[in-house]
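In structure tokens below, several structures.
Two complexes follow with chain A in common, the first pairing it with chain B and the second with chain C.
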Partner chain A sequence: MTPPRKKKMNLKQRYALMTRGLDWETSYQKMDDVFPYDTFEGIKITDWSKWEDPFRLTMDAYWKYQGEKERKLYAVLDSFAQNNGQLGISDARYVNAIKLFLTGVTPLEYQAHRHFAHLGRHIRGAGPRVAAQMQSLDELRHAQTQIHTISHYNKYFDGFAEFPHMHDRVWYLSVPKSFFDDACTAGPFEFFTAISFAFEYVLTNLLFVPFMSGAAYNGDLATVTFGFSAQSDEARHMTLGIEVIKFMLEQHPDNLPIVQKWVDKWFWRGHKMLGLVAMMMDYMLPKRIMSWKEAWEIYFTEAGGALFEDLSRYGLRVPKYADIATEEAEHISHQNWAIFYQYTQAAGFHTWLPTDEEMAWLSEKYPNTFDKYYRPRFEMWREMEAKGERFYNNALPQLCQTCQIPMGYTEPGDPTKIGFRSTEYKGERYHFCSDGCKDIFENEPEKFAQAWLPVHQIFQGNCGGADLGDVLKWYRMDNGTDNLDYSGSPDQQQWDAWQAARKKVAG
Partner chain B sequence: MSIDIKTMNVEPKRHTFAHVARRLGSDAPASRYEEGVYDLQATTHFHYRPLWGPEHWHFDEGRTQIKMSDWYKFKDPRQYYYGTYTIARANMHQTTDRNFAFEEKREMLANIEPEWRQMIVNYLIPLRHYEWGANMNACSISDAGYGTAITSAAIFTAGDRLGIAQILSRIGISLGNGTGDLLDDAKAQWMDGEAWQGLRKSVEDSLVVKDWFEVLVAQFLVMDGLIYPLVYNHFDSEGQKHGAAAISILCEFMVDWNTEHNRWVDAVIKVAAKESEENQALLSNWYGEWRDEIHKALQPLAAMVLGDGADSALADVKEQLDKRAGKLGLNL
Partner chain C sequence: MAGGINEINREEVQMAVVALKPGYEEAVDFRDRQENFHGNQVVYLHWEEHLSFCSATAFPLPPEMPFGALIEELIPTYYGMHPDYQSVNWEQVEWKIDGKPSTPDLSKSLADNGVGHKSLVCFRTPGLNGYRGSCS
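Let's look at the complex of A and B:
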């Protein structure tokens, strides 16, 4: 005979039994051998049971929700392909934004899958381990759904076909790659701080909103559907990020200076990498959402400000150089687009000069800087183009040892002067674009001295040869197809032909 | 009347990504599995050595002694990418939910003889910890493995093992009338019960193995290859004699999952063994060592459940596994 069923446990108790209840303290092998990586960074965890699960999803619920989202997403992707959705975008220039996304961001989603699996195995607390495992699955989802979303564009446009090969080699793609390599080669708590907190919590809206809203504004139904579908995953990732930071800070006062240093580092790393997104927003979207400067004000200055005010009760302060980054939000997109314009011959997407209308928009959005510092340069380049003397920079640029971006950024407070910093380490001189990047190097010189700097590698003869043609071949970048200006590109010719055909069909 | 929908005919420039076309041998339309898996992992020009282990890059072929000319030979026969994986598991688990509802409605757990009820707490519910160990090993493979074909399938397996541990927990909670009391009892078995110490030691030993391919052999081929048929076949049959039909129904997920999982495991082992004599020797050696150890470790557990029938059941699962390993190209 069965005794009457007792009152059910509450969700929290039940979830704890379903996750951390599975864990045990090993005795045939030492816990430190089973979990060899979670102590060397000096983060002190006195009581893992204090971990508050940021979300409570058992695997069956995970499969159910995620499977349902996948069904819906792939239905849209199928329909997009069947109906030639690429014909509905605002302009073929838009496609270059997603070329940057597939070559620069998608491989990072894969790296995130791998490293969350690393955390899902190697963090001693079972609660965060389960959360990390789900994120590892999610990140794999994002990599694969991005590929499947963009797969259709690859069939009709150039610049996508060799994305993994390019990610491992092309000069500007070493910026996002080294960013993520840096995080994955760090200890588990630094990775959590770098990716879950600094990136996914503090800065994510500056990556996600621009690309996904950009897709929505520019008629890219496939990418925007992916974006909506990924949103609830991102919400989980954000709650993990904030929980990790609070947990570390609550566990031991000695953790604060370590965490603060990581927050400073990863804020600056993120700011520099997001400069590519800034350029995409201000220059590459035929229909613009908002300026980078506006996005920065909303998502960093306001939202980030409130966040750090909240975290100040733990002693955590606003990241170092946040004021400089805010000042740079007036400049970074213009400076980056200028770099790509000059080096269009070695870029895996097309470039162009802003039209009059677009320059008027930039003037309006950047009243302090655009007309004064950047419009004259673009107008000069436009005149040169008109004379058949389109400007190409044929000298290889010096790269910052930390962020790996060509040293084209100006001094804080003086937008007419290029900033240079340098330091010496073991008899060698290393160069930086900024104080932020120099500080990061000086905190970990043995790490950053190892960087695979694309320009150095070209000079050392490791990139297929000495001239541009050799390097492009090594990049598997088809000269005249994947690179150079949009104007005259096969992408443009095809788009124009489609537009003409549509007019004909429409009668 | 026929309706002529006017459309524009637009011709694609290519049918798939260049790296996928190279693998397929031509620019043919590729499957979502192929596009979502092939060559996704970075392979070269890494920037920094890991602070947590500078002897390797974070993605490094040298994390196992197994050598492959191409790590994408490990194609998943199930063709799982994230979408097909989650949809397949959501469907499987729908059946599990129905089974739990069916059991509850008919109060089938009440039909189990009281002594056998205790036996279930002693033999079945502690397996949630075994599954958690398997989950950790699957994560290790996804972490340290090389190439997306392996790492994606491994993280799916990690999710599977957590899911199975949670089904076992649900059975324990149901048996315990909605409380976690029996989960505590089962954990005490896992930690201190004599029948479990051999297996717990083997699981803990597997958690410190550095070579991820050895982990794959130890966990997925040997441990699972002996434990699943022993528990879900031999132990379960024994339970039938004691009114435990409900347990068979509630464990249906595990039985179905194991059949499917073995298809992937077999494909991986077969391809690795076929690659070279060196691989074959390594795999055979790992197989032999782990099989002997696990076989021995399972004896007290089998004896507890099956009594005199233990030896023949263990001999049977060992014979079946040897046969399977032989077919996969291992030397026994």
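Let's look at the complex of A and C:
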């Protein structure tokens, strides 16, 4: 006898059963003991069921979609490898942008995976808990597919091999690392605001569009394909970011000042960290997409402006110092590249001076600032190079206590003066690159006074020794191979040999 | 404190601590206390209007080191490659310690001149303002 056929559930019913239907109120343990993390930040949630699930995906459907995407991605990666895709890129200088991505961004994907897994356990509401679980898997996939995509370059170029080790130790990688450590050591709602909203919603286009379009313009089909495979996930992450903000603001009026403070903080932190992307766009891509300033205008001034106008109905305003960040878009890429040029001996990628043609492009894109403030700097260095006296900064830089970047940013309104800010906490002096970073410290001095500043750690003897050679060994940075100028590097020698061989074949 | 340094209202700070468990603030380890630097103090040095040096530079220095050693040893070693360096007239240099104009006694120690742990020492060289006057 056949059992009676059960009626097939529709998508909505299935979704409800497979997500919220798996949730329950605990009875023999207090809910506060089961979910100890979601109240201490002061965010008041009166009704978790009001959460609008942004994904509408069940785990089985998720599994199926992602599996299909990955099959396609890995097919492209295989063909990229079989066809020697590394030969098709615009120039070997391009690969340095990918080195920065693998050492600076990919480990953050992994960190995001870990922390979303934590939230996927520790958020009281079943809706956001499921969303966090899915995002946790996305982030793990992104870390993994990025490593697989970029591993092809590791076969031919220097600077990739020790990326997780470098991320934990190298002075400038402490910038993205400490950014994420700050988020992961915050409470769950601040993490959501920091990563899902400020980063994945407000600023994400300023990270992914430059890298993925940069890859497309420079013949890096592998990275472009990875970008496409991550795109639909990123759209979901953005939706989660906006939903979190709206949910907190709708739940209780007391949440607004807390959320505003986080939005201010994470906008500023994101802006400073993205300065690395700015430099990549303006200086490291042999074929440029657009300038950082143009990207900032499109993705922050216009898109962000519309977003905050929409959010103003909740009382949320544009992040504090957004005007200063916009002014800095005229300077940040030049100032950052100058930092890496003079500390090339401790950089895990190669550096160079812009060519005449590249300087002409920079003049055109930055008519207010490049010729006046930055061209002379590069021309001075070029003269020194020609005399065989390449400019190295052999002292260590003063770092900002908050963003951990060398304090190389200038006063708003005066690009000829370094902006110095400082404060005192428990009898100790702390220094900052900007009012934004100083405010962040003063809101949580007990947190940021603990910062692991790479320069001070070297002085304290915690980084392998006092000499550059010792510190590079501790970084696992191969001196003479991974660091220094592109000109004369093994990367360049190999690339030139490939080009010569191709010419010979072409006859 | 010297100019440029603002005191935070301590009570306000106490109130502001948001932490999972009580006692967080008392338990944290502040990493850059002077005693962690093996008898040295951190001193930051900055040559104004010479921004080809991307930021101020940091040095672990004994507090008893004479101030004059900055001019005789550190600055020539770390700033000497700048084309302006040879033309510096040290008699005319304007100093600032933690944002306050200062006339340091070169024979006295850093400490005696008011240079403490994580102090910022700025120097300006009137008439010399970088490569082709660009402040680079």
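One rule holds in what follows: the second predicted complex is superposed on the first by the 493 of 507 C-alpha atoms of A that agree within 3 Å, B and C clash if a C-alpha of one lies under 4 Å from a C-alpha of the other, contacts with A are read in each partner's own complex, and residues count from 1 in each chain.
The rule is short, and it goes like this: contacts are C-beta pairs under 8 Å (C-beta built on N, C-alpha and C of every residue); 3 or more make two chains touch, one makes a residue touch a chain.
Quick caveat, the model's predicted, so the values are computed rather than measured.
Engineer: Mind working out whether A:K177 is in touch with chain B, chain C, both or neither, as first, second, both or neither?
Structural biologist: The first partner, chain B, only.
Engineer: Could you say whether A:Q335 touches chain B, chain C, both of them, or neither, answering first, second, both or neither?
Structural biologist: second
Engineer: Just checking: does A:E428 make contact with chain B only, chain C only, both, or neither of them? Give me first, second, both or neither.
Structural biologist: After superposing on A, A:E428 lies in contact with chain C but is clear of chain B.
Engineer: One more residue to check, A:E389. First (chain B), second (chain C), both or neither?
Structural biologist: Touch status of A:E389: second partner only.
Engineer: First (chain B), second (chain C), both or neither: which does A:P376 touch?
Structural biologist: Second partner only.
Engineer: Considering only the touch criterion stated at the top, classify A:W48 as touching first (chain B), second (chain C), both, or neither.
Structural biologist: neither
Engineer: Name the contact category of A:F308: first (chain B only), second (chain C only), both, or neither.
Structural biologist: Neither partner.
Engineer: I want to verify the contact counts: of chain B and chain C, which reaches more residues of chain A?
Structural biologist: The partner that reaches more residues of chain A in the superposed model: B.
Engineer: For A:W452, select first, second, both or neither according to whether it touches chain B, chain C, the two together, or no partner.
Structural biologist: both
Engineer: By the touch definition at the top of the document, which applies to A:F228: first (chain B), second (chain C), both, or neither?
Structural biologist: Touch status of A:F228: no partner.
Engineer: Do any residues of chain A touch both chain B and chain C, and if so, which are they?
Structural biologist: 36-37, 40, 187, 447, 450-452, 457
Engineer: Could you pull out which chain B residues touch chain A in their complex?
Structural biologist: Result: residues 6-8, 10, 12-19, 32, 35-37, 39-53, 58-59, 81-83, 86-87, 89-91, 93, 96-97, 107, 109-110, 128-129, 131-132, 135-136, 139-140, 142-143, 148, 151-152, 154-156, 158-160, 162-163, 165-167, 169, 173, 177-180, 183, 187, 190-191, 200-201, 204-205, 207-208 of chain B touch chain A.
Engineer: Where on chain C does chain A make contact in their complex?
Structural biologist: Counting only chain C, the residues touching chain A are 1, 4-8, 13, 16-20, 24-25, 28-33, 36-38, 40, 42, 44-46, 48-49, 51-60, 77-78, 81, 83, 98-99, 116-120, 129-132, 134-136.
Engineer: Provide the residue numbers of chain A that touch chain B in the complex, in ascending order.
Structural biologist: Residues of chain A touching chain B: 1-9, 13-14, 17-19, 21-24, 26-29, 33-34, 36-37, 40, 58-60, 62-64, 66-68, 70-71, 73-74, 84, 87, 107, 110-111, 113-115, 117-118, 120-122, 130, 133-134, 136-137, 140-141, 143-145, 147-148, 151, 154-158, 160-165, 167-169, 174, 177-178, 181-182, 184-188, 447-448, 450-452, 457, 476, 494, 498, 501-502, 505.
Engineer: Inside the complex, what are the residues of chain A that reach chain C?
Structural biologist: Checking each residue of chain A against chain C gives 36-37, 40-42, 187, 335, 338-339, 342-343, 372-373, 376-377, 379-381, 384, 389, 391, 393-399, 406-408, 410, 415-418, 420, 422-426, 428-431, 442-447, 449-453, 455-457, 459-461.
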